[in-house]
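Common to both upcoming complexes is subunit A, partnered first by subunit B, then by subunit C.
Here is the complex of A and B:
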């Protein structure tokens, strides 16, 4: 049986003791779809945090290749006793200031996102929430603070398959989006918004007083984890914007606005050169584009689904 | 020898129509620029010639749109300067005897 065929064996069943040992020794290998990640850690609280939000990921056996190697190591010296801290180290370099020791998970998430954004240049990497339905991708490029992650979380709890709340990874060779599957980072009010939206949502511990306020992470579903290597053809482009008290407004945007939204929100547009230009052109020409303003998640997700059924071709299962 | 300023399209510039606009990609800057029909016409004229002076570009555009070259001069001059800053076009020195 494939390790992805059944949730048994996920991190939450490995147990924190065994996980802590693995993190402290050879490291834990996680397959996120586009990216393979190797994590080592000596911070004891980290294993519990990781178990909560990567619960459906099956730790892979020693892979032949990991794209990213990171370590979360406790700061040494007097810091160990006064205000314990944890450092994020990748390829022997510490790229960020240390975090409080009990904030290892948010440090991992931010650090890995940063590394992905800098290094994964074999795909056009958009700053976008991306979900799949009917074999096609709903792509939501947006700036921070637009409600992209909250909307991605809500859709993932209403039957859409999460590819990423942060990255739209378009593989021009395949003409399809690939998953960069990680927990959805919910911030401040959006944590309780999602708890009310779906009381059964698997949300990990809250970390208060981070640089972005309080942060908690929604675990990707088992289905999203088990299908993380299934790509999605371009489906629909939505430019989301959360606006307090706003009615749901879903209106078409002209292609030049869609183009600039994609190009501006691509981490590696300039790096990709002419290939990036052609990829963005292909996406804009291949996807209807809409602007969504919303405050009510139930209404927004329902309207998006309605528009999806009207706009997106339902081929006979376009993905293998 | 007296020289005049000519304009050449940067090699491998890509221009594609998109809705009511055009998008031009500059390989030298890695950036893309939304341009209007007139600008796209100037880029196309440059792509057909090894180099054009401002006067030649004005004459060609005027013939295209049915107006006098003098009426297009301000617009073409501004467009060429913008293209140079955007990395789509390079200004070059041309011998005066070949480009009056």
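Here is the complex of A and C:
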């Protein structure tokens, strides 16, 4: 993405110095789609990390509202000098154990996901990678070993618009999925897998020895950022499974399996009560469901697109 | 107290918990602030419940309304789960010959009090007579509740020095249950005669469950707050007390008996502190003669001189954009020392603190925190 594609100037153009200043004072305001986030930080290494992976976001000027308020602050006392740490603080409460000071970005990503999952109960939050095409959503629930983040990243680099690699944020009133747009968290081998898959992928610094191993983040594209308020109707449900050496297999999934894969992998399905049940039922009825086994990303993404064109209605305005 | 007191402006938003219409004037910045503070104090669900019941949600800024709706949903889910468990618990315990008493939050819900609506419950507290606590515990374990794994010291702590058995958790729904035989530890300097509480129980809305008498509920709530080790972020306890006093205060005879009951139970200091902070911070209507009588018995002028500022500094809600001020931590530490001295004689306290503070003792406490921490 060339820099002049940003009429208003992305985070990358703001410059680290200005960004650091903003983080240290009133805070940086980022619009993630579902929520508006305000970040403050006194950890100097954080501005560079943020610049890399939120590069296409334009900070909200003169913000009137933030849903989430987060501070990343260096631990005080001896900790400031001896193995320095950074703390995640929201509304003056420290929610988790501190991270090493140079791991502020993974701490932000992890902590903000937790805040969204706990607080944003006005929508049904499935634990799923979600992408959009033709106005409709491809939903990939996070089953163990599914590699939903890797596949989400790959699809987002092949013309699909990323809504989220973590949340399927379904708004029952709109009957549509909303974007919770954040960098895609790639872990361990999948970092190099995505680098090989798309050498131009904008991947930020690698953080080694986090609680999930090595983590690096893929920056959402300018297009995904600029369309983060465009919702997507239910399109197709895919249960991915990465299997070493496997040929690409796509087979239909019975509705009861589709139901459990959505309901029991959600952040707040139980919290939604009967509304949650109705929403998941409607999703299962409205979306064809497939199981995808794969080892080759190129082949898997191609086969998915093929199936998509056969299955998903392509009317110009899919809204009822 | 003479005439109505105006609460400090920083706490004025608390009025909306009783009078939701007062929130209609709030601008966006105000809403942003209140949502952050109320969430931290576990009062957001309560605020949301009042606002929704008054049909005000569509008239509020959309940015604020969704947070209220979201939190109300969460609080409703938690409290529905708690009610579900409590409605079934007596049947699971089988025929018992002794009273089963709901305490605190569960009791407010079981009586349908306003302070129980939209409440975010943490755990369930129930009380049985001391001579039956082993039986009640055995029945709970038989019904699938599980005790936390305790070392020998902690077992002895609960058996001999505490007013409750070790907390139990049910693997199915994860609710924590605290089974009490008294409202304060038996070794505490303030000794409460539990038989007096048991002699004046009242029915709740839930079959087989009883609650303490109105005055005893107020005194328990006050004692629970002012005898506790941690008073930071505890403004909700004052809001509870305010709600109890406003609710029961309209019943004939309530105020007349309150101070006398506090003296009988030995809880006059807690009552005096509760009335002091409720009337100053929440404009709770306390009859002047009751306030005077409580002060005369409850707290010497000299003691109030150092205790009030410590409590003020600790109970005062933190600015959501700042870390709590150092003086709050200092005040909280001082109150902690006072708490421990009031809870146990030094001959018990010093070995207990040694056991808790020795190297390696923190591991279990961290595990407790992790239980409430995010799954992902």
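Just so we're on the same page, the second predicted complex is superposed on the first by the 306 of 320 C-alpha atoms of A that agree within 3 Å, B and C clash if a C-alpha of one lies under 4 Å from a C-alpha of the other, contacts with A are read in each partner's own complex, and residues count from 1 in each chain.
By our rule, a contact is a pair of C-beta atoms (placed from the backbone, for glycine too) under 8 Å apart; a residue touches a chain by one contact, two chains touch by 3 or more.
This is a predicted model, so every value here is computed, not measured.
Aligning the shared subunit A places subunit B and subunit C next to each other free of steric conflict.
Seen from the CA centre of subunit A, the centres of subunit B and subunit C span an angle of about 60°, rounded to a multiple of 10. Touch criterion met: A:281 reaches subunit B, while subunit C stays clear of it. Of the two partner chains placed by the overlay, subunit B and subunit C both lie in contact with A:273.
In the superposition on chain A, A:255 contacts subunit B only, with no contact to subunit C. When the two complexes are overlaid on their common chain A, residue A:173 makes contact with neither subunit B nor subunit C.
In the superposition on chain A, the chain among subunit B and subunit C reaching more residues of subunit A is C. Using the contact criterion defined above for the overlaid structures, shared-chain residue A:25 touches neither subunit B nor subunit C, since it reaches no partner.
Using the contact criterion defined above for the overlaid structures, shared-chain residue A:263 touches subunit B, although it does not reach subunit C. With chain A used as the common frame, subunit B approaches subunit C to a shortest CA-CA distance of 6 Å. Touched by subunit B in one complex and by subunit C in the other are residues 270-271, 273 of subunit A.
The touching residues of subunit A, when paired with subunit C in their complex, are 64-67, 69, 73, 89, 91-93, 95-97, 110, 113-114, 117-122, 127, 268, 270-273.
Interface residues of subunit A, counted against subunit B in their complex, comprise 254-256, 259-260, 263, 269-271, 273-274, 276-278, 280-281, 284-285. Listed in rising order, the residues of subunit C touching subunit A in the complex are 28-29, 32, 36-37, 39-40, 63, 66-67, 69-71, 73-74, 76-77, 80, 318-324, 366, 373-374, 376.
Contacts from subunit B toward subunit A in the complex involve residues 12, 14, 16, 18-21, 23, 25, 27, 29-32, 34.
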